[in-house]
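To start, the structure under review is shown below, and the notes come after it.
Chain lettering (A, B, C and D) follows the sequence in which the chains are written, and residue indices restart at 1 in each chain.
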Amino acid sequence: MNKIYPYKRKVYYYETDKMSIMHHSNYIRILEETRISILNQAGKPFEEIEALGILMPVLSVDCQYKSPLRFDDEFTVYPKIVKFNGTIMELDYRIVNSTTGKLCAEGHSTHCFTDTSLKPIRTKSKFPEIYRIFNDCYESEITD
Amino acid sequence: MNKIYPYKRKVYYYETDKMSIMHHSNYIRILEETRISILNQAGKPFEEIEALGILMPVLSVDCQYKSPLRFDDEFTVYPKIVKFNGTIMELDYRIVNSTTGKLCAEGHSTHCFTDTSLKPIRTKSKFPEIYRIFNDCYESEITD
Amino acid sequence: MNKIYPYKRKVYYYETDKMSIMHHSNYIRILEETRISILNQAGKPFEEIEALGILMPVLSVDCQYKSPLRFDDEFTVYPKIVKFNGTIMELDYRIVNSTTGKLCAEGHSTHCFTDTSLKPIRTKSKFPEIYRIFNDCYESEITD
Amino acid sequence: MNKIYPYKRKVYYYETDKMSIMHHSNYIRILEETRISILNQAGKPFEEIEALGILMPVLSVDCQYKSPLRFDDEFTVYPKIVKFNGTIMELDYRIVNSTTGKLCAEGHSTHCFTDTSLKPIRTKSKFPEIYRIFNDCYESEITD
């Protein structure tokens, strides 16, 4: 795979709060949806990765909120793997209002590849196919 | 145990939606919180029940919405086990605004006791202690 | 509009619970996503309806769980408006696993058309265009 | 007020995911619950602040995950206002397993005081009572 397509959907009604904007916690969930989308594009659904006994817990997450998304707004998430060494992976994300093109939020997440007891593993030696898939994504361009 | 104490908490900000009321799906989650509270009161945390290999999937749920709850409103849930035969359990719930006493919602849920492969089990013969705990709750009064 | 297309998406990771199935409360949210989808298909986004000062609070909801959905399963929701008189609307829903065709859940919801103070309104006389849109949906066929 | 009491509750079942741990997005929601708790302790419920036409949107949030919380674990959140100038407020949070004392997560959030059109305001001159309440919290000790 050489291209990562961005992830798109609309804001659900239940994701809004009484300020009439998408609640800030939901952006964190959207980052996860986007990661899952990358793996599906790479032909390796997360389900299959977990079936190999590999977990990818989140070590950290952060998000800067720039401009609110509202109910039924379509947004596009541009993810980019900015670090990958076989054990640790870091991603940057830009969440953009699909209609206006306005930047809504920027996020970042750090993940560790672990076994089911949450002990870190080196995918390069233990799961070379998995290593290759993420490494390909690492070097990929994001394309609209 | 002969008394079931009602379950109380306040509405969280993230539970509101753009109508400025608690989103209707969150009431279904509150019914679950209330069930967990009953078991903790009965001295048998749900965690211990699952550790025995018993699951209690939800077979059905319904809720009638009478008067909206809003951010930071304290509510009280009065649960009542209305059917229990060792395999199937049904509960009624009344969710009341703690301050005004106004009825906010009425709910009902049906559950099955199963093994980890989701096959129904008879707790009366296989897990008599569990049967006794739920049967005691079944006959209990709800007390403020 | 004479056809209502079903609503499809996949189960998100954060919608699963420790039983490794989609948490039962999320089905209630999916019913809402489906209603929004019907309105978008009818050319009248819910956003525009709310802009007219019309709210559609949920009066009741129920769901029967038949077979669990799991992470990344694609599901299809077949909605049907089974009652509409201009003030009250009732819908039935069938949630099906898109891959296996297995029925996962059946739901039902009741809604009232109200003004912003949550007082019921007759759309037939006060908002005839809105009445017409829902009445068209009422008589529509669901088509794959 | 000179003391801020920490915020405590247990992990709900619906907050777990298929890794059997609390989903990472829910920590962000817990930070919000904790902020609301501080204001209630300060005698100025968030509801009253919003009634004055003051909003406090989240500008940024981050969280480092150290050790997972599981279903029904009780956790304690120790919040601390680490910056306050009347317009911008920043908080640090430590989320600890109440039973084991183990650090589960560390968070940080940044907020802006705005009017209802999301334009920043100086509380010191425009809402001196609100300024005083947050400034008192700013200088407060966290006490178990």
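Quick notes on this one:
Note that in this section a contact is a pair of C-beta atoms (placed from the backbone, for glycine too) under 8 Å apart; a residue touches a chain by one contact, two chains touch by 3 or more.
Bear in mind the structure is a predicted one, so any value in this text is a computation, not a measurement.
Averaging Cα atoms per chain gives one point for each, and the point farthest from that of chain C is the centre of D. Across the two interfaces under comparison, B-C and A-B, the one joined by more C-beta contacts turns out to be B-C. For the pair chain A and chain C, the distance between mean C-alpha positions equals 28 Å.
In terms of their C-alpha centroids, the spacing between chain B and chain C amounts to 25 Å. Note: centroid distance chain A to chain B, computed from Cα atoms, is 35 Å.
In chain B, 13-14, 25, 29, 32, 71 are the positions where the chain touches two or more neighbouring chains simultaneously.
Chain A contributes residues 19, 21, 24-26, 28-29, 32, 55, 57-65, 68, 118 to its touches with chain D in the complex. Within the complex formed with chain B, the chain D residues making contact are 12-14, 29, 32-33, 36, 40, 45-47, 71-72.
Contact residues of chain A toward chain B in the complex are 13-14, 16-18, 20, 23, 25, 71.
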